[in-house]
Amino acid sequence: METHTRYNRIAGADVGRLEALSDGIFAFAATVLVLDFHTPDAADIHTEAQLLGALAASAPRLMTWLLSLMTLGIFWVGQQTGLNQLERSNRDLTWLHFVFLAIVTVLPFSTRLLADFFTYRTAFVIYWANIFLLGAGLYATWVYAEWAKLIRKDAHGEISQAIRRRIVIAQSLYGVGAVVGLFNVTLGITLIILIQLNFAIAPRLPILSRL
Amino acid sequence: METHTRYNRIAGADVGRLEALSDGIFAFAATVLVLDFHTPDAADIHTEAQLLGALAASAPRLMTWLLSLMTLGIFWVGQQTGLNQLERSNRDLTWLHFVFLAIVTVLPFSTRLLADFFTYRTAFVIYWANIFLLGAGLYATWVYAEWAKLIRKDAHGEISQAIRRRIVIAQSLYGVGAVVGLFNVTLGITLIILIQLNFAIAPRLPILSRL
Amino acid sequence: METHTRYNRIAGADVGRLEALSDGIFAFAATVLVLDFHTPDAADIHTEAQLLGALAASAPRLMTWLLSLMTLGIFWVGQQTGLNQLERSNRDLTWLHFVFLAIVTVLPFSTRLLADFFTYRTAFVIYWANIFLLGAGLYATWVYAEWAKLIRKDAHGEISQAIRRRIVIAQSLYGVGAVVGLFNVTLGITLIILIQLNFAIAPRLPILSRL
Amino acid sequence: METHTRYNRIAGADVGRLEALSDGIFAFAATVLVLDFHTPDAADIHTEAQLLGALAASAPRLMTWLLSLMTLGIFWVGQQTGLNQLERSNRDLTWLHFVFLAIVTVLPFSTRLLADFFTYRTAFVIYWANIFLLGAGLYATWVYAEWAKLIRKDAHGEISQAIRRRIVIAQSLYGVGAVVGLFNVTLGITLIILIQLNFAIAPRLPILSRL
């Protein structure tokens, strides 16, 4: 027990390393998303019209790409906001963030699945589950960091409540989108995109910003 | 509205994280460009001459690679120049830069499309649009940063004008290249490469540097 | 001899660069792991049940993914713990860490091999060898850093012993898992996963934490 | 001319960004090297012996991998050594380093080519050319940095000479390896590997360290 405690006290205390790993993982995930844009097979294309047609046919992939880009952006900003409130880290918080980042690395797969099976409930539910796990992971890192007194003193209280509320409200809205998607996948995706746009560009419409 | 404001005030204020994400995305994009260099199929090659021939056949890809490398370099230096003038960031500027970076991640796709369909206007116009969006995105980050008073005091005035003029002149020249490319794709690409060389190595020829 | 000494004295002294390279390599390795999750071929899927079935069929890959994620996390935290004790680096230590990182880059390959040939002793032994080399590499960086007096004064003694003991105990346990795996691969993998869970989440069970 | 000068004076002055981009590119290049290790086709493998045999058959790829890892390590340490001597950067030096990094991104391609066509002079010469260009690029960054007075005062004189001599000697030795390789590719590769080992592990043999 002693040995463990001693090792764990010196391990994973570096917020800077966590940030660097996070930036690397978000950067690759964003770039990997585009690897799924395939160029048409040159053998099939003989005219400008055919090339335009082939590109237009993969337009649905553009929609899932935008969706996942916004997801990455929202959770990158979200994680950064939390990390900025930290006074220091410890081994357990580092592992919680590592789990969060692991969920980020899965997003390119969920995106590809949704793009390949756009009308399938299974693909939609898996995509939603990925967003849900991102939210749950981020929430866990914050709750733990506050509980373990790793955050700055002035981040307790109002700031902490704002961060928690933000995640809970967003996930509740995504949940509504998920339920709708069980009945109509396209409508569910559209809803989730609108919710994300709200959180990304934060329109000043009273009814939405009051959320 | 209050909640939003409060959350947004603490989110995305970290220029260092933005830089780290940018470096990751530019680094990955540059490396991904080379993934499109395929080695010849070993089953087809039996002599040195055949290997040389197969490599020579993929020379056009070398041209689009150089083109995109310069594009990445120009916009990496350009974004860095802007970020260096920042005193701090905020959530909206972070999102604007995120959009700019998303356009960077698309470049390997546009490059592949142009290499695969070198003589097609459609591929050329998409490639040009990518460069145009990079410029528009970068311009937007700067205009917003200045408007929101996020830049250093001494960066207002002359420096700001130099940055804006630089982007506008470059995009105007690319636009000329684009119009020429509508009539003759090869000539259009050549023009854009020459324009980029001008901005990358900044020759001291009076006529060009006066631009 | 003089020339060498002089060059080597100024080379590789930067711990920050080593950390940045490490974060990049770990981030990329974690993202590459997910590239092996292939979506089912759309031509084969016509119903939700078929999609679910196809995804369930690739569940073993999920197990090797979790295994490798934990491996990456454990050694990322482990290397970071060692680097944090450094006062400075030198060229030889930089090269030792570079070798360690090279072993990290191989992990996605070992993982794919194990996933593709889950019941094969050969694949299992190669995977275990990868973990063993990671441990040996990390141990070598620490022993050298201490011998070359590159670590902080207060890291000698207890902290150094904790770091060494940690690696030796973990590798001994993995070794037991490897021997068991020679007789029953599935049992061996399960053992290694349990050992990793112990080190990752560090349960406070007396019998395990006393290890 | 004025505009240019003004823009260029504020562009690319940040050594930290250059380092971060470099670490990203070296990290991805090292990881991409391993993407060329393909697992055998599961349909062809039915026994442990077949799996071992299939893996053994790709052993030559292991040799080119080691070769390129050492190349990456040598030039990563080399570039770092140069960057550490900088007092500041400027736009032209940033572009020179960008060109150097572009040559780094090509290494995974040259490596794949050499592995696929191990006995072909063409592949060997291209690989050697890649190493040569890395050396020439690094040399150019140093000569320019010294000429433009961007390096620290105490780095002039002895340190500068050590850095230049190092590159020139290494490239001369690689050149010998290249000439030998024109007659016997395997012997040429072996020579280059030995030269790299000398520079990587820097043996204290008088005859070699006097080089």
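As written, the chain order gives the labels A, B, C and D, with residue 1 at the start of each chain.
As a working rule, a residue touches a chain if its C-beta (ideal position, glycine included) is under 8 Å from a C-beta of that chain, and two chains touch if they have at least 3 such contacts.
If you're wondering where the values come from, they're calculated on a predicted model, not measured in any experiment.
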item	value
Interface residue identity across copies chain A, chain C - same or different by half	different
Chain whose mean Cα position lies farthest from chain A	D
Distance from the mean Cα position of chain C to that of chain B, given in whole angstrom	36
Euclidean distance of C-alpha centroids - chain A vs chain B, Å	25
Of all residues in chain A, the ones touching two or more other chains	20, 23-24, 27-28
Chain B residues touching chain A - in the complex, by the definition given at the top	1, 3-4, 6-8, 10-14, 17, 20-21, 23-25, 27-29, 32, 91-92, 94-95, 98, 101-102, 105-106, 108-109, 112-113, 116-117, 120-123, 126
Footprint of chain D on chain B - complex, ascending	19-20, 23-24, 26-28, 30-31, 33-35, 37, 39-40, 42, 45, 48, 51-52, 55, 69, 73, 76-78, 80-81, 84-85, 158-159, 162-163, 165-166, 200-202, 204, 206, 209-211
